[in-house]
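In what follows, a structure is listed as structure tokens, so that the remarks can point back to it.
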Amino acid sequence: MEFLKVEDLKIHFPIRGGLLNRKIDSVRAVDGVSFSIEQGKTYGLVGESGSGKTTTGRAIIGLNNITSGKVFFEGNDLTDNSKKVDVRKDIQMIFQDPYSSLNPKKRVIDIVAEPLRNYERLTKKEERYKVAELLEKVGLSPESILKYPHEFSGGQRQRIGIARAIALKPKLIIADEPVSALDVSVQAQVLNFMKDIQKELNLTYLFISHDLGIVKHMSDEIGIMYKGRYVEEGKTEEIFTNPQHIYTKRLVAAIPDINPQNREKQKIFRQSVQEEFEQSYHDYFDEEGLAYNLRNISNSHSVALPEKG
Amino acid sequence: MWKFIVRRLLIALPQILLLSVLVFLMAQMMPGDALSGLIDPNIDPAAIEAQRERLGLNDPWHIQYVDWITGVVTEGDLGRSFRYKMDVTEIIGQRLVNTFWLSLVTLIFTYLIAIPLGITSGRYNDTFRDQMITGYTYVGFATPLFIFALVALWILGFQFGWFPTGGSVSPGLTPGTFEYFLSRLHHLILPALSMALITTVNTVQYLRSEIIDTKQKDFIITARAKGASESRVYNRHILRNSLLPIAAFFGFEITGLIGGTIFVETIYSYPGMGQLFIESINLRDYSVVIAVVLLLGIASILGALLSDIILSLVDPRIRIK
Amino acid sequence: SEDEDTQGEQNDQGQEEDTNGGDEDDAEDDGIYSIDDFSPVKTNEGEAIDGGTITFGLVSDTPFEGTLNHNFYSGNPDVQVIDWFSESLLAVDENYAYTQEGAATFEVNEEEQSITFTIRDNVNWHDGEPVTAEDWLFAHEVIGDPDYDGPRYGQTFTSIEGMEEYHAGEADTISGMEVIDEKTLKITYANFTPSLLSSGIWTYPLAKHIFEDIPVADMSSSDAVRREPIGFGPFIVESIVPGESVTYVKNEDYWRGEPTLDGLTLIVVNENVVVQSLQNGTVDLVNSFPTDQYPENADMSNVEFLGDIDNTYTYIGFKLGSWDAENNRVDMDPDAKMADVELRRAMWYAVDNATVGERFYNGLRWNATTLIPPSHPDFHDDTIEAPLYDPERANEILDAAGYEDVTGDGFREDPDGNELVINFASMSGGDTAEPLARYYIQSWEAVGLNVQLLDGRLIEFNSFYDRVGQRGEDDPAIDIYQAAWGVGSDVDPSGLYGPNAIFNFPRYESEGNDELLARGLSEEAFDHAYRQEVYSEWQEFMVEEIPVFPTVYRAILVPVNNRVVNYNIPTNAGSEIYRYQIGVTQEEPYTN
Amino acid sequence: MKLKNKLLELKNLKTSFRIRDDYFAAVDDVSLDVHKNEVLAIVGESGSGKSALAFSIMGLHNRAKIEGNIVFKDKDLANISISKLNAIRGNEMSMIFQDPLTALNPLMTIEEQIGEVLQLHNRNLSKRKRRERVITLLDQVGIPRPKQTCEQFPHELSGGMRQRVIIAIAIANSPELLIADEPTTALDVTIQAQILDLIRDLKEKMNAGIILITHDLGVVAEMADRVAVMYAGEIVEIASVDTLFENARHPYTRSLLNSVPSDEQQDTLHVIQGIVPSLKNLPRHGCRFAARIPWIDESAHEENPTLHEIAPGHFVRCTCHEHFYFPDEKGDEAHGIS
Amino acid sequence: METTNAVENLNIENINKSPSGVSIIWREIMRDKLALISLVFLLLVTTLVYGISLFLDLDQIVKIDLFAIHEPPSSDFWLGTDYGGRDVFGQLIIGTRNSLTIGFLVTLMTGLIGVTFGLTAGFFGGHIDNIMMRVLDFFIILPFLMIVIVFVSIVPNYSIISFSLIMTAFLWMGIARLIRSKALQERELDYAQASKTLGTPRWKIMFGQVLPNVSSLIIVTMTLNLAANIGLESGLSFLGFGFPEETPSLGTLLSYARNPQTLENRWWIWMPAAILIFLLMLSVRNVGEALKRATDARQRRG
């Protein structure tokens, strides 16, 4: 039994219009995505803006309606509404924007205790104790308990968000661009911390980002999305050392190299990738510019290529 | 564009229908009817009752409604005023023209006042000038229109005698002549100005805050970085963008005017829709009441529609093709 | 004979010029005036110049409707407009009895129960066509037509022989009407009463050559009524701004003679601005001046205030029964809450109408005694003693009648010891309506009667009359009410107090009343003195019976610019000063 | 580095904002040179004063107090009439803004917006010429169908396209100095790469001096010739790009470099303790970075830290760098990463 | 993980609370002199009016006194008397009380309906929103003043309550629309989404999470509405669709000014009411603006 398994997930948003505001078309935000994650690992989801990463993540946690496909969590079908297994508390989310993800009108204690109040009956005292403990775990002083979010820096706020997410001891955390809004130095802080608690609590991450550098740093496995579809999936090293899809190559080439000595090399590399991209575009994408279905090229690495030829 | 308008009108249709039912019902619930005013020992009550019967005033309301709405839809017949013994359409025709001019002049005044004041206030915010203007908006907000209109009538109309104190035109002038036009204008100025001075404060304030907002937008910085002079920045960028919501408000102003005309027309004895409404309510001339409310309700709907259309015309972001 | 009777919505009126020199009060100090100090006729100061124009202010909150024909109009503002260009064919004297001074003369044939009218030869419509007997007949035919939508059809018409058949559509012609020749009309009456000769005749012809092709139902909205109205009066309508103003020019062909003025302008003047308009000469005169504004403006120097007694009285009515719609008559209920005449009498004694008149109306309304106001000097009997304010007396009467406060709550219970709450309905509109109603309640409270304002507020005009019973559906919640009646040019009160009158709101009837009313309309009553006698008796009778009691009579005030000469308040019937004689002494009005 | 081609010189620039009744310096005593055909990168965390600096040069602050000199080609922009400044900006000197979503007027077409800057500095340009020039520019910044784009409104373009339009506005009059304030932060990596290429091309073609503001060290490494590191309103280190990445000295620079995930990076990234102080709470005395490296002895800091030229063209503020070590390195060595 | 002493010893009562929204508002008002004066004035008027009216005998005030009609101010009648000989000062006190009561009632009721409606529509969105917005659209197009006048002339039992209800029925849309659009924005914000993932029920998110975030908007709008409502009431009374005179309101006193004699010669009847209305509206407005600034960090003065 896989820990998390997503099968042929499709999420379409209607576009309304016309005389009576009927549905006239749909945005295929996610269009046939399948992947699975092992417990305790980090799975990175990469892709350019609008490729459907967030939508996928939100669908798993139940914030988006699923058009078709299945999501299994520890063998339970989350898309089956008739079965009321409450596994929701085992899945939590960390949001991109540390500013809007905390209710500005609530004190830290209310924010962190919110999941506890929903699922556990604690006395006021127990609750306070628990919250202080969680804050301590994320490296904030328990004295902060009565402050408002605006009194914290971005990194601290993101950690409050994490404290809230781990309050129920979840098994899976969906982290949607958890550090994109943060400064480099603060990014480091949050990333380190996420790794720490992963070990400590045996967490599984679905780590969504468009920054390949960070995904590479965090993930064991990576899936690359393009226009709602997967173009490549594999172990982190495989993706970075042996990208197969032209789109993947292009992404990898676009990462700025931190060594100024490599400037020229990088530029030439990028140009060559760009040329290849332009030339062989039609080998990799169908008439609508969408990726083909994934095909295994090794047992841990698959690429979206057309069927035979 | 046309599709959009048609769609909006389609949405408006049930609204109007519902409005007509509501108004009709309300009118039915009003005590008395137009004939109840005819108490005269020389008039045979039976004759009055016969008239009632003939006019269908004794039918149940839904039958009366269906009769009425059929007339409205099929021949634009809004019924007949009991009091004026005329087709409602005709009475309203006269009054509507008067109210139209009053509203138009008021709107012109409103914008003539609001735009310079709002711009000055927004551009030089927190200066003395701005404080004066803001002061005016506060005073304007706190002064009920009817008090202002009453006092204005008193001082300018009577004490100084600069303006006529009632009516829409001096007697004896021939429609179409220049004197006639001037006289009408003369009769309009005071009511329109009173209404404009009071109701414009919202627009001034809105424009002010809109300008202050726009001033801080990034694209204004872009304009400055292009080397555009301050006046150009204001005229080409800030104003255009701040006036947009004001333009869009234009349609809603119409709705606002309706309330104002009731007061102003009553106070200045200006024979328009507002005055007609109050009279008709008092005299239970309810075919007129229904027609006035319905018409002004439709005006509100059209105002809102107009706003949407203006907005979609001037704002490329929501331009409808 | 415009018998504008109506209820309380009628304008207050007022009187004239400088303040009194007073009889009992010195008005200089207490601002109380008396109708006796006003003349209904303008004092002429100087010689009239040739021509000139005046501006007549029609005091009204609302525009005039514009139904500009005597045969169709329904509101008072319109008749003010009409009277300048159209007039009755018959003139009346001070008691509203027809005279031979009008555009037509008549001859009564009591035997035949008919009257023959002859229109003078020089009476012509404004377009030059003669006013004919046909026109007069035509007016009757139109008003009697089932399609007619105006309010005129009533007793004036039904008393004509064959009218009801015509009205019902059973006859093509009115059998009682006969055109003898172009200028002569003979009308035969089925119901020949003395009332006929004071207002019982329809005296407004309708220009047949203009209206004949218009369907009756469309006449009132036709251009001939609304835009180019026609008459044979002293002035001709020149232009109309609908609802707002009318300009007239003189009718050189007017049958009494060419008018002095070149023309006149009528404008609607809001009550709120009437003083200013008079002061600055915007208007020379108005139809009626709001009396409550008089004290502050009594010293206006450029006008003379004329005054006349209005033909209306305000009264308190007691509900004594209900309307029996089946039999079309009142159904008096001996167990009604107000059935005890002593209770009603006590309530009359409890209110101080003299003071009300002085204080609320500065003496321009005054204590009323009987149900025929002094506007009909021949019929109003001022010797009758009606209850005057005397709370002691009221208390005594109540005590004697068994209304005692047994529960000790300060209010009297009825003779059976049950709680007595009297519901008082009063109408809104009019400046003093609210305090006046409150005052009456207070006064009754002072003699221990628990009177409550129905619904806690004044009732709007229309619903008031609906609830009081103008459609026969009396609201049982009403015990007493305050209203006003205008007395027509004919004093016959049957329409208001007769057993078959739906407007008999008290729902009162008694043998004595029936008999007196019948006698007033009997043949003998063609004798003036006899009729006076009968109505004097009736007035006295009603003071004893008290189905209603009158509270105040009213004055009409008409300020007129000093430059105007030969003006007479139109209500002042029989003065022999006519509109065509009005002139001015200078081109411009005097200003203040 | 061609020193004679000095284009811009900042001398003791101090930009202060008014907060309630006091002025607080967001840019504090900054001196810098920019030369022709050079990319000077300014890096630093959010709130360190980078944008405030750029805005000061362009004269775009409307309520800030600016002290010191901004000498641009012999003219001191800090003390120049607004009309003269207007003649320079958009013309000889221009700026690219960070947020392509908001930096364009939503009610004007692309053509109007680019045309405006052309018209402002060349009144004689005919309408037709202007349009041609706009199309050329759009083409130049890599917009595929320039003719159609002309007629379009900003909201009809993607973020990358809009940023190109903003660049087109900036280069319309071939400026000698181009200030780019985080031009790619809002964009996807692939588009970022394209935009950076574009800027680099422009530098070469127009021989312009470029101030590139960013907090992405990767971008710095790829683009810059020289780098100035800002912290809390001050420049803490200036060096050529190679020197900086190989031999950064200032503790802040080193910490920054250490916190980026990179190929050679260990499992845990370096974290700078504490937070960037807000403008009101900036330390105004001593080493401003001291609070964030508390394990370094106070005596290691200068009392009034100044920039020291420790190698030709390599300036470092304060003496604390000589004693700096990362706490987990147990203090035995004080070398930068590489 | 071991719990450290810090957690063990955590004593919540000793931790300094950060300033809450209320105190920020309070600070802002204290800083704005005009708003402070306005607030003090409002409180003063409110307390005085409600306080004094406890001791006033309404029956006595509205008692008709035929011998004291139109008395100018004197020591017996501080503000003179009206045309029924009734004490204007007493009417002013009661009138202000009634006007304020109506103002408060209408503001509260419209607030309650508007907020609930707007929040529900905005928060649930989709079809619910669609339907609710149609309803709202319908109310919005009604010509308010006219409909109210028609209603007033229908209603048989006319009292402060029924009047307030009528006003409310046609006045809740503004705030509803405002709250809805704000709620639409808020529900998309991550904190609301976060609550969903945390298993918080929808209604709890709506009232517990979203509501506090729109509360400042609600307070500001309601304050400004209060001023507008007081104005509306007086307007209706002026037109003659107000209360019976024995339930005086400020509008009742003002409507006496329709009589030109009163307007010109008897200032004591209407002028105090006019001034009071003016000051009340101005003060409410000042306080409202200060609140608005307090809730908008950008405009805050301190």
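By written order: A, B, C, D and E. Residues from 1 in each chain.
By our rule, a residue touches a chain if its C-beta (ideal position, glycine included) is under 8 Å from a C-beta of that chain, and two chains touch if they have at least 3 such contacts.
Just so we're clear, the structure is a prediction, and the values are computed from it rather than from any experiment.
Considering every other chain in turn, the ones in contact with both chain C and chain E prove to be B. When C-beta pairs in contact are tallied for every pair of chains, the largest tally goes to B-C. Mean C-alpha position of chain A lies 55 Å from that of chain B.
Put simply, the C-alpha centre of chain A and that of chain C have 90 angstrom between them. Averaged C-alpha coordinates put the centre of chain B at 25 Å from the centre of chain E. Chain A and chain E have Cα centroids separated by 47 Å.
Residue positions of chain E touching 2 or more other chains: 153, 258, 263. The part of chain E that touches chain A in the complex is made up of residues 1, 3-4, 6-7, 10, 12, 15-18, 20-21, 189-191, 193-201, 209, 212-213, 215. By the touch criterion stated above, chain E contacts chain C in their complex at residues 62-64, 66-67, 69, 83-86, 153, 156-159, 243-246, 258-261, 263, 265. Residues 45-46, 159, 188-193, 196-197, 215-219, 221-222, 224, 241-242, 245, 255-256, 259-262, 265, 267-272, 275-276 of chain D touch chain A in their complex. Contacts from chain D toward chain B in the complex involve residues 55, 58, 60, 82-83, 85-91, 94-95, 97, 99, 102-107, 109, 116-117, 120-121, 153, 155, 166, 169.
By the touch criterion given at the top, residues 217-219, 221-230, 232, 236-237, 240-241, 244, 314-317 of chain B touch chain D in their complex.
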